[in-house]
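Below are structures written as C-alpha cells.
You will see chain A twice below: alongside chain B first, and alongside chain C after that.
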Partner chain A sequence: MKRRDDEWVSLLVVTGATLLVAFGLIALVGSNLMVAASSFLRGIFGSSYAMSEVLVRATPLMLAALGVSIGFKTGFTNLGAEGQLYMGAIAITATALVFPGLPPIVMIPLVILVGFAAGGAWALIPGFLKARFSISEVIMTIMLNYVAINLVGILVRTSLKDPAYPYPMSPILPESANFMQMLPPTRIHAGLVMALLMVIAVHLLVFRSRLGFEMRAVGLNGRACLCSGIQVNRATILSAIAGGGLAGLAGVSEIAGLHHRLIEGISPGFGYVAIIVALLGKNHPVGIVFASIGIAALQIGSMAMQRTAGVPTSIASIVMGALILFLVIRDSRQSIAILEGV
Partner chain B sequence: MPVLEMKDICKSFFGTYANRDVCLEVREGEIHALLGENGAGKTTLMNILYGMYQKDAGSITIDGHEIVFKSPKDAIARHIGMVHQHFTLVPTLTVQQNITLGLRDSGYPFSRERARCEHIDRLSDSYGLKTHSRTLVKKLSVGEMQRVEILKLLYRKAKILILDEPTAVLTPQESDHLFAMFKQLKAEGCSIIVITHHIQEVLDHCDRVTVLRDGCSISTVETKGIDAKQLSTMMIGRELVPVARERQNHHMDAPVLELVDFGFKRNGGKVGSVNLSLKQSEILGIAGVDGNGQKELLETLMGLRHHEKGKVVCCQQDISNASTAERRLAGIGYISDDRHRDSLVLDMGIAENLLLRPAQSTTTTQGRMVNKQCMLEQATRVVKEFSIKSHGLQEPMRFLSGGNQQKLVLAREFIGSPKVIIAFQPTRGLDIGATEFVHNQLLAMRSAGCATLLVSTNLEEILLLSDRIAVIHEGSIMATIENKAVDITRIGLLMAGVKTEGAAR
Partner chain C sequence: MEPIVVVTTFFAASIRMAIPLALAGLGESISEKSGLLNIGVEAIMLCGAFFSFMVVFSTGSFFLGILAGMLGGLSMSMLHAFLSIRFKANQTIVGLAQNFLALGLTSFLFLMSFGQTTTLPSTRVLGDLPIPLLSSIPFIGQVLFSQNLFVYLTLGCMVLAHICFYKTDFGVALHAVGEHPIAADTAGLQVHTIRYIAALFNGILGGLGGAYLTIVKLGFFQENITAGKGYIALVAVILGKRTPFGILGAALVIGGAEALQIRLQTAGTGIPSQLFAMFPYLMTIAALLLTIGSANDPAALGIPYDRDKR
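Presenting the complex of A and B:
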C-alpha cells in the first residue's frame, strides 16, 4: 500500500514541477497567466469541436507510438517513426493515383496494406542490418528519417506533382481512398478507429502471442534467448517490420483522413513526439492511448494559447521535454530505491 | 580488543528481515569466516559494513569508535575494502588503470603512470600475485581478475578486507594460493572477513567463524575444536544427508551423444579438439581447471559459437551444423554456468521463464498464442515439484534466491525429458541445500535414462556424481577414466597437463 501512495505523491510532484515550468515560461514571455491558462483549457475543452481536434491529433501519435513501443519492447530502439510515417504517406498517395478507378471496398484495404508494407520495409533496413551485422539501429533509423522526408520533397516536385498547380504537392487523391468522416462537422475520421483497433492488435501481439513473448524476452535478455534456442534475429526483424508498419499507418491515416493529398510537412514531428508518447505510456498499448491523447491536448491547447494569449506554441515542446525529464528522474529514483531495498 | 564490532544489526527489505540482531566481532590479524547458506544474510551484513546499505538498527564500532558509513567511500577512508562476488572491473582498462580508478595521486592532474605501475608491480610481487600492471583486464582469467580486485584493496591500504565468496570461481590450487596470501596479510596485521558456504574451507584456513542462519547470527566459534558436522548443523539447522549414487547397469547401447574430432575455437585463437561419447543413463564428468576451454567447448556444442570441424551426433542424428534450436529439439538440454546471463530473463516471472525454449517444443502455445491458463498450470506444477520459493508465479526472477533460480532452470531444461543434459557448473554459487537438490535431480535424470555431460571445476562434485571422468587441459581431453577408486593425485596431475604412465586409454 505504501508504495502505491509514494507513486501518487511522486506523480503529483512531477505534475507540479511541470506546471511550474509552464507558468514560469508564460510569465517570461510577459503574458497574463490567467488569460493563458484559460485560453489553454478552452482550447481543449471549450467546445466539442476543440475536443474533437484533440482526438484528430492523437490518431497519428497513437499509431506511431504503438510502432515505437513494439520496437522498444524488443530492444530495437526505433527512432525512425517519422520516416516510416512518410513512407506510408508516399505509399498511399502513389497507390491511389496509380489505380484511381478502384472501388472503396478494394481501395481502402489496399492502401492500408501498402502503407503498412512501406513503413515496415523502411524499418526492415535497420532491422535487418542490426540482426545480421549488429549495426546500431539508433543512428540508422534517425538517418533514414531524413532520407524519407526528402524523398517526399522530391516526389511532390516530380512524379507525384499535381500538374494543375505550381506548388510542390500531389493531386487530390480519388475519393475512394478517403477515410470516412465519422462525426461531421468535426474532422474525426476512421483513422481513429483503426488506431484503436491497432491498440487491441498490439496488445494481443505483445502480451498474448508466442511471438510477442519472444520479442519481450529478446528485449530483456537477448543472450538468454539465444541460449534457449529462440530465434533472436527473427524476433528483432519482425518487431522492426511491425513497428515500422504501424508508423506507416499513421502516414496513411493522415493522408486518407485529413489532407487527401501528399504535401511536404504533413507531419509536424509526429514520429518524434511518438517516442515521447511511447515513453509516457510505458510502452503499454493502453498507456499509449492516454499518453497520445494527453500530448495531443497539450499541443492543441498551446495552439489556442498562442492565438488568444500570444504565448508561443514552442512552450508546449519545452513543457513536453521537461515532463519527460521529470519522469525519467522519478523512474530512476524508483529503481534506485528498489535496488537499495528502501 | 576487536578491530571491528557490529552489534545487533537489523536490516529489512520490503518488510522481511535480512538481518535480525546480528552480532559480529573481528579481531586484529585474523581470518574470520562468515558462514551461512544463500539468503542467510551474509552479504547484506557486509554491504552494511561497507556502506552500500544503511542499517535499520544496531551499531558498528571500529577501533573503539562508533561510526556511520553513508557510502563505500566512507568505508574506504576507514581502510575497509570489499571484493564483491561479481567483480567491479572495467574490462577495457589495464590492471593499473583499474586499481587506481578514482584516486588522485600527488602529481594530479598530471598522471605518473610509470611510478604507479611500478608500485603495483612491487605490491603484487610481494604477495606473489604475478599480475602485470599493463595487461588489459579483459585478457585476464577469473582468478587473475580476483587478484586485481584484491590488489585494488591493498593499494588503498585496506586493513579490513571483506571477500564475498572468493573461492566460488577458483580451482582448488588457486584457492590454496589465495588463502596463503591471506595468511601473509594476517601476519601484517590485516583482518580478513571471508563470506563462504564451504565448511571445509572454513576449517582449513580460517581462525574463527560466525555462522548466520535466516538472518540471525547463530554463534561465533574458534575453528579449532569444532568439526564439519557441527558446523553444518549450525548452518542449515539440521543434519545433512549425503547424496547416494547407486550403480547403474549400463546397456551396451549405441552412444546417445558423440563428439568426433570436435573442434572449437578458444579465446585467443587457439583451437581445441575432443572426442567424447555418452551412453544412456551415464554421467560423464569433465574435470579441469577453469579456463581450459570448457566454456568454448560447450558453447560450440550448443551452437552458440561457430562450428569449426568434426562431427556432433545426437541419437544417430548429425547436428554438426544445426542451430541452437535444432540441437535443443534433438533432445539436448543446457544448464549454463551463468544463469543470469544465459538462462533467465530476470525481469520476467517464473511462468514466463518456463516458456524460454524453442517454440516447437512448448506445450503452452496454441497456434500462435500463448495459452495463459496452460502456462500458469505448468508453472504451478513446477513450483510444487521443485519446491521453488517465491511470492507468486509473476514475481520477477530477480527477486528469487540463487538456489530457486537454478531450480527453475533445471525444471525448464527437464521439461520434455531430454536425452542429453549438458550441465556446466550447475551448482556454481549455490548453498549446500540447493547443491544437494541439484545433485539429486541430476541423479534422478540419470535413473530416468538421460545422458549427462557434467562439466565442473569442482572436483568433489565430479567425483560424487560421475560414472566416468574425463580431464580437460588446454582444450583437449587428457584421459578418460572410470570413476572407481580413482587416484586423486593422478587427476590433479592430468588437470595440470602432466600425463602419467598408462593414463591414455
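Presenting the complex of A and C:
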C-alpha cells in the first residue's frame, strides 16, 4: 500500500515538474499563461474535429512505437523507426502503382504485407549485424534513417515521379489502395483500427507466445538464455523484423489513409517521437495506446498554442525530453528505495 | 581548374568537414573510455552551435562565442553525467532524451530571439589563419597550414589527448575506471570524479565541434543544424577504436565523403542530389562493417558503478 502511494506521489511530482518547465518556457516568450494554456487545451478539446486530429496523429505514433517496443524487449535499441516507416511508404506506393487494377479486397492486404515486409527488411540489416557481428544497432539504425529518407527523395524525382507535375511527388495512388475514412468529415481512417489490432497482436506475441517469452528473456539476460538453450540471435533478429515491420505499417497507414501519394517529409519525425512514446508507455502495448494519444495531443495542442499565443511548437520536444529525464530520475530513485528497503 | 588545384581544395575541404566530427569524437572517446556512453553528442553539438552563434551574433567576439559554445556543450554532458552517475540512469535513454531536449530548446530559443524570418540572421565567420612560412610549402601548406584556428586547435588536441591517454597517470586512471571500476576503486581511484572529469572534456570538445559549424563554417544557425553529425561522430569513435589519431583518421574519411558529395551535387550532373547526400551515410555504414570482429569496447561501458554491488 505504502509503495503504491509513493508511486502516485512521484508521478505527481514528475507531472508538476514537467508543467513547470512548460510554464517557464511560455513565460520566457512573454506570452500570457492563461491565453497559452487555453489555446493549448482548445487545440485539443475545442471541437470534435480537433479531437479527431489527435487520433489521426496518434495512429502512426502508435504503430511505430509498438515496433520500437518489441525491439526494446530483446534489448534491440531501434532508433530506426523513421527509416522503416519511409520504407513502408515506398513499398505501398510502388506496389499500388505497379498493380493499379487490383480490387480493394486484394490490394489492401497486399500493400499491408509489402509495407510490413519492407520495414522489416530495413530493420533486418541492423538486426542481423547486431546478432551476428555485435555491431551497434543504435548507430546503424540512425544511419539507415538518412539513407531511407534520401531514397524517398530520389524515387519521387525519378521512377515514382508523377510525370504530369513538375514537383517531386508520386502520382495519386489508385483508389483501391485507400484506407476507409471512418468518420467523415474528420480524417480518422482505418489505419487507427489497424493500429489497435496491432496492439492486440503485439500483446499476444510478447506476453502469450513462446517466442515472446524468449524475446523478453533475451532482453533480461542474454547470457543466461544462451546457457539454457534459447536461440538469442534468432530472438533478436525476429524482434528487429517485427519491430521494423510495424514501423513500416505506420508508413503504409500514412499513405493509404492520409496522403494517397508519396511525397518527401510525410513523417515529421514520427519515428523518433515513437521512441519517446514507447518509453512513456513502458514498452507495454496498452501503455503505448495511451502514450501515443497523449503525445499526439501534446503536439496538436502546441501547434494551436503557436498559432494563437506565439509559443514555438518546439516546446513539445523540450517537454518530451524533460519528461523522459524526470521519469528516469523517478525510476532510479524508486529502484534505489526498493534496494534500501530490503 | 588544374588537377592539382582540384586535389588541393578537395583535401582542404575534407579537413574542414572532418573538424567537428574529430572534436566531438575525441570528447566522446574520453567519456567512453571512462565508461560513460553518451549518445547525446548531437545534443552537445547542437547546444555548442547555438550558444556560440548567439554570443558571436550579439557581441561580435569570437573569444566569447567559443567560450559560450563550450559552456553549451558542458551543460548537456554534465547533465548526462549527473543522471548517469548520481541516479544510475540508463545512459542510452538519457542521451536520447537529451537529443530531444536540445533540439527543442535550441529551436525554441532561436525562434524566440529572431521570430519567423525569411532571411536567416548571420554573422561573419572566423577567418583563415595561414601560418607564416609553413603555409608556403607546396600542397601541404595549402591543405594543412592555410586553415582556420579550429583546424590547428583540433590537431593540437589530438596530440595532447594522445599524450594524456598513453603517457600520463590520468590516462591510466581513465582506462582503469572504464575497464574495471571495482579494481580502480580498490586501488584508491575516485571512480565518479574521474567520470565527471571525462564528461567535462566531452562537453568542451563537443561544444567546440558544434561551435565550429555555426561560427566558422556557416555563419548562421538553423533548426537541427547538426543533422546527425553527433551520431556520425559516434561512428568515428568506434571506427577510430577510441584512439585520438584513429578518430582523426575516421573523421577525415567521413569528411572526405562529405566534401566529395558536395562537389558532385554542385557539378550539375542531373542526378538527384539525394543520391550524393546519401553517400556519407553509406560510407559510415561501410566503415562500421569494417569494424566487424575488432570491437574493443571498455568492459564497463554504459554500466553505472555502484560501490555496494559486486
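The criterion applied here is as follows: the second predicted complex is superposed on the first by the 341 of 342 C-alpha atoms of A that agree within 3 Å, B and C clash if a C-alpha of one lies under 4 Å from a C-alpha of the other, contacts with A are read in each partner's own complex, and residues count from 1 in each chain.
Note that a contact is a pair of C-beta atoms (placed from the backbone, for glycine too) under 8 Å apart; a residue touches a chain by one contact, two chains touch by 3 or more.
Everything numeric here is computed off the predicted structure, so don't read it as measured data.
After superposition onto chain A, the partners chain B and chain C occupy overlapping space and clash. Of the two partners chain B and chain C, more residues of chain A are touched by C. Looking at the shared chain after the overlay, A:Gln231 reaches chain B, while chain C stays out of its contact range.
Residue contacts after overlaying the shared chain place A:Glu214 against chain B, while chain C stays out of touching range. Applying the stated contact rule after C-alpha superposition, one finds that A:Ile324 touches chain C and leaves chain B untouched. Look at A:Arg223: by the touch rule set out above, it reaches chain B but stays clear of chain C. Judged by the touch definition given at the top, the superposed model places A:Met143 against chain C, while chain B stays out of reach.
Touch criterion met: A:Ser314 reaches chain C, while chain B stays clear of it. In summary, superposing the two complexes on chain A brings one listed stretch of chain C into steric overlap with chain B, and the stretch in question is 183-191; the others among 21-29, 39-47, 183-191 or 219-227 show no clashing C-alpha atoms. No residue of chain A contacts both chain B in one complex and chain C in the other.
By the touch criterion given at the top, residues 13-14, 18, 53, 302, 304, 323-329, 334, 336, 341-348, 352, 355-359, 362, 365, 368-370, 372 of chain B touch chain A in their complex. Residue ranges on chain A touching chain B, taken from their complex, read 204, 208-211, 213-214, 216-217, 220-221, 223-231, 340-341. Listing the residues of chain A that touch chain C in their complex gives 25, 28-29, 77, 79, 129, 133-136, 138-140, 142-144, 146-147, 150-151, 153-154, 157-158, 272, 275-276, 279, 312, 314-322, 324-325, 328-329, 331-333, 336. Looking at the complex, you find that chain C touches chain A at residues 39, 79, 83, 87-90, 92-94, 96-105, 107-108, 111-112, 223, 228, 231-232, 234-235, 238, 272, 274-275, 277-278, 281-282, 284-285, 288-289, 291-293, 295.
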